[in-house]
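Chain lettering (A, B and C) follows the sequence in which the chains are written, and residue indices restart at 1 in each chain.
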Amino acid sequence: MALTGFRSLLAAAAVAAMLAVAACGGGGGASGGGDATAAGPNGVDDGTTLTLWTRAPLEKQAKLLVEAYNATHQNTVELTVTPNDDYVAKVGAAAGAGGLPDLFAADIVYVPNWVQQGLFQDISDSIDGLPFKDAINAGHLAAGTYEGRAHVLPFVLDLSMLFWNKDLFREAGLDPEKPPATLEEYAAAAKAIQALGKPDTYGTATGLNCGGCLVFTWFPSIWAAGEQVMTPDGTQSLLASPTARQVYDTWRDLWQSGAVLPSSRDEAGPTWTAGFTEGKVGLMFYPATLLSSTQGFEVGVAGIPGPNGGSSTFVGGDGIGISKDSEKAPQAWNFLSWLMSEEAQVEVLGKNLDVVSRSDLADNKYAVSDPRLVTINEVAAAGETPVAINFQQAFNATNSPWLTLVRDAVLGTGADLDKNNDEITAVLSQQ
Amino acid sequence: MTAQLSRAAASASPSRSTGRAPATSVAGLVLRTPYWVFTGGLAVIFLYPLVWTAVASVSPHPGTSQVDGWGFGNYRALADYQAGIWQYLANSAFVSLLTVALTLVVSTLGGYAFARFSFPGRDALFLVTLAILMVPYATLLIPLYVLLTQVGLQNSLVGLALVLTMFQLPFSTFMMRISFEAVPRELDEAAMVDGCSTFTALRRVLLPAVKPGLITVGLFAFLAAWNDFMAPLILINDSDRMTLPLAVSNLRGQVQGVVDYGATEAGVVVLALPCIVLFLLLQRHYVRGFMSGALKG
Amino acid sequence: MTSSTLTGPAAPAAPVRHRPVGRALQGWLYATPTAAFVGVLFVLPLLLVMLMSASRWPLLSGYQGWNLPANYSRAVSNRFFVDSVVFTVKYTVLATVLLIALGLGLALLVQESTRWKGLLRTAFLVPSALGLASASLLFYVLYSPFAGPFAPIMERMGATFLGTPDAALWSTLFLIVWRYAGFYMLLMLVGLQAVPADVYEAARIDGAGRWQTFRHITLPLLRPTLALCTVLCVTGSLLAFEQFYILTKGGPDNSTISVVQLIYTVAFQGQNDLGVAAALSVLVLGVLVLVNVLQIRAFSRPEER
């Protein structure tokens, strides 16, 4: 009767679904077409069209790089930009169906996971052929290395640095040329600027509802003290240590004293740097890629201090590699090897006041003209890039246990610190 | 347009007024002041967000493309973004119009079948069509991506329109079914006694009778396709094939930790304007759509 | 009226007059495009979702073999599962009550036909021409402590629209009411017009007051409309996603995670596990089918007698 037709339709659909799965399933292998080094150390430049994906916050740098490459090569790179929050969804959909672009960039903290899942091709041999291999940022290389094989090169480096507004320092009677050397001094400076009582002006700012921002700006304080945030294998959280407590307590005190931009409490990331950029915040831990967007006031740059001195930075930004689905690996490698060249690093990134990915180019002619860039490039070498398979879920996700920990420790009672730290470990150690 | 709506509403209401006579005298007007204030206030609440956004998009604000004085800086930033706003408008228009066309054809034929024919599997098919409303949108997109890739329609505006049409079917099929059911059966039966085929009867006799339903279905399909964000995000790869909502979303988050509010406001205005204009033009039919209403959300 | 058509099977099949087999064949012919769309673009992907829910299926590497009950138990034991269900139900109840009460109130306010009321109707309706994503973006700016029109007031009061769990919930509800109140007002208007005028006439002759008329005549006769509104509103609210995704991202302190937001998070923001996300989706689908069947039954039974 009425149902039989429907049932046969269902059966037909089920068969078709199985076929679809059989055709696309098990796409985990990391073997795309062609060996990247087959055609020499610089790959192949033969007029091929390559596709490249990145996320919106890096669009400026990506666009400059792609334009410069296209102008000097026969290959053409086509750039696709995706809103930051939706990038993982887009890459995930494509990865499952074998539709990844030739090249794609990924937030460096996601890279270990994506490499392990086989999204990138092994480019160890090609990287080994680069004469300046040892000068390439080690943190990024390490994040993309799985079972001894390298899959990812640094695309754009982004470092967290202590930025201070020299104009506001002067007004508050602080030495505008001397950055705070400890977290304590940092807090004192923030309170001094707050004490000016200027309307709409605050001592410091952060993103207390933004796991990624907090990782980026608070981990370095712990590293500066010579300690770690996780065990080396990235499966256990060490964020309830006495040093970590000192960091939370400093921020708790700052928050309670009213020296923190009030909207920091709810800041989920989209506008976390806006206050400083507009000149309304005295000092803050801030992304170095935004150096060129601070205009209208004088800015100083230093490494992020620990509770009792020292300095460090989070070497963030994006790594880039050749996707498992690319059948144009030699051509894609041509772009990557050019990306690492002095021409791209200095004449494109350096010229745009961005951090270069090679330590041997740290004091290039553009950096030398701005001492702040030299500082950034120097601190970059001492910075760290944490590696954990479940990093995104443990720290960056909007419902991450790290966010729960910080909000409790800074805005709440702090009584659950150990419990929350265990929760981070539970997520990190998931298989 | 408002007058037309009023006429539609008037057909049933005047004779059953609940005893409130129209205020004609001066005293009546004074007595009605609280009423004017109250209803006027409500209207302001509903219109304020739209008006404010339109005004804010041309007023100066630091951190946007319109820093000094009033002007169209935010719109220029939007216009110059990547492939240019015209490309994105054209893509959005193409996808929306194709979705409208497909939705009209499929739901007219389907509605006709459900309303006038009895065939095995009819009720099951109708129920399954309605069930589209009950599945979380985001979860269906991944399998759809896989499927479209298999047939070479991924990263294609046509494939996107097919998916958007599918999501429109619950509402449009339902709407067309009751539109056909509202037409007296004698009409098409008379045509068939005259020797017309069922298709000729549909084309010559029934289609003119369900025109309001068609317009409503078309309008809804347009609004949904024009505004959709998730489907193009997942299904489209090339930046020159992106639709307008995607471009706006990209533009507002270009710098880490800073939202370009100006670009967002301009983008909302550009996204909303065609919808509002179309809505006002077709308000009478839009209203009719709700008589049977079934819409996601 | 409408609610019985909504159920489909309740509608009597057309009496077959000419060549029954031919008519059935023709019926299928006309329904073929619908069947093709629904079959290929809905049923097939839905089956794939069910398959995912029964398999190990990481977002980034695809099908990795069967693991049938595991995804479902992991879905239910997700640390936000209970919270998200509670929140979604709370949100659904609030949104449904607000929208239906306001929709009915606005409809009663503008049901007579005057120029001013026509203008009011248009004002209430214009927001529903916007897409939900556009509307959410609009309120994202409106609620912003940087660029919104209320920024100075917020700063003086030290409160923000999305800062506390309650504020975030009510701010989101306001957006939804703004976007959809006109929509439900129209549904109610249409229902009100279907009430025969002589019923009111009779009530007035009997000396019934305004409230009595509303309580004993308008409301019972509006039953089908109320049923339709409730079904739509409950289904829509249980699947709420965009408004939370754009405005709150589930925050603050994980207080506004709706079930679909949880599905999205599991799939794309962290776990990246399509198997568990698909299991959650299948659960949601099951609940929605059940809820809708129950609702339609509850509303339609008295009518059938």
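Quick note on the criterion: a residue touches a chain if its C-beta (ideal position, glycine included) is under 8 Å from a C-beta of that chain, and two chains touch if they have at least 3 such contacts.
Here the structure is a predicted model, which means the values were calculated and not measured.
Enquirer: Could you tell me which chains make contact with subunit A and subunit C both?
Expert: Intersection of subunit A and subunit C contact lists gives B.
Enquirer: Where are there more C-beta contacts: B-C or A-B?
Expert: Between the two chain pairs, B-C has more contacting C-beta pairs.
Enquirer: From the mean C-alpha coordinate of subunit A to that of subunit C, what's the distance rounded to whole Å?
Expert: Computed from C-alpha means, the inter-chain centre distance equals 38 Å.
Enquirer: CA centre of subunit B versus CA centre of subunit C: separation in Å?
Expert: A distance of 16 Å separates the two centres.
Enquirer: Please compute the C-alpha centroid of subunit A, do the same for subunit B, then give the distance between them in whole Å.
Expert: 39
Enquirer: Could you pull out the residues of subunit A that touch at least 2 other chains?
Expert: Residues 9, 20-21, 24, 86, 89, 92, 96, 271, 274 of subunit A touch two or more partner chains.
Enquirer: Which residues belonging to subunit C are in contact with no fewer than two other chains?
Expert: 35, 43-44, 48, 144, 146, 264, 267, 274
Enquirer: Quick check: what residues of subunit B touch more than one other chain, meaning two or more?
Expert: Residues 63, 120-123, 125, 128, 138, 142, 146-147, 259 of subunit B touch two or more partner chains.
Enquirer: Inside the complex, what are the residues of subunit C that reach subunit B?
Expert: Subunit C reaches subunit B through residues 2, 5-6, 8-9, 11, 13-14, 16-18, 23-35, 37-38, 40-46, 48-49, 52, 106, 109, 111-127, 129-134, 137-142, 144, 146-147, 149, 178-183, 186-187, 189-190, 192-195, 197, 200-201, 204, 210, 213, 228, 232, 235-236, 239, 241-242, 260, 263-264, 267, 274, 277-278, 281, 284-285, 288-289, 292.
Enquirer: For the complex, which residues does subunit A have touching subunit B?
Expert: 1-6, 9, 20-21, 23-24, 51, 53, 56-57, 59-60, 78-86, 89-90, 92-94, 96-99, 101, 158, 207, 213, 269-274, 277-278, 287, 289-290, 293
Enquirer: Which of the residues in subunit C come into contact with subunit A in the complex?
Expert: Touching subunit A: residues 35, 39, 43-44, 47-48, 51, 58-64, 80, 144-146, 155, 158, 160, 162-163, 249-254, 257, 264-265, 267-272, 274 of subunit C.
Enquirer: Note which residues of subunit A are touching subunit C in the complex, please.
Expert: 9-10, 12-14, 16-18, 20-21, 24-28, 86, 88-89, 91-92, 95-96, 113-114, 117-119, 209, 262-263, 265-266, 268, 271, 274, 390, 392-393, 396-400, 404, 407
Enquirer: Help me check something: in the complex, which residues belonging to subunit B touch subunit A?
Expert: 62-63, 82, 120-125, 128, 138, 141-142, 145-147, 149-150, 154-155, 233-234, 237-239, 246, 249-250, 253-259
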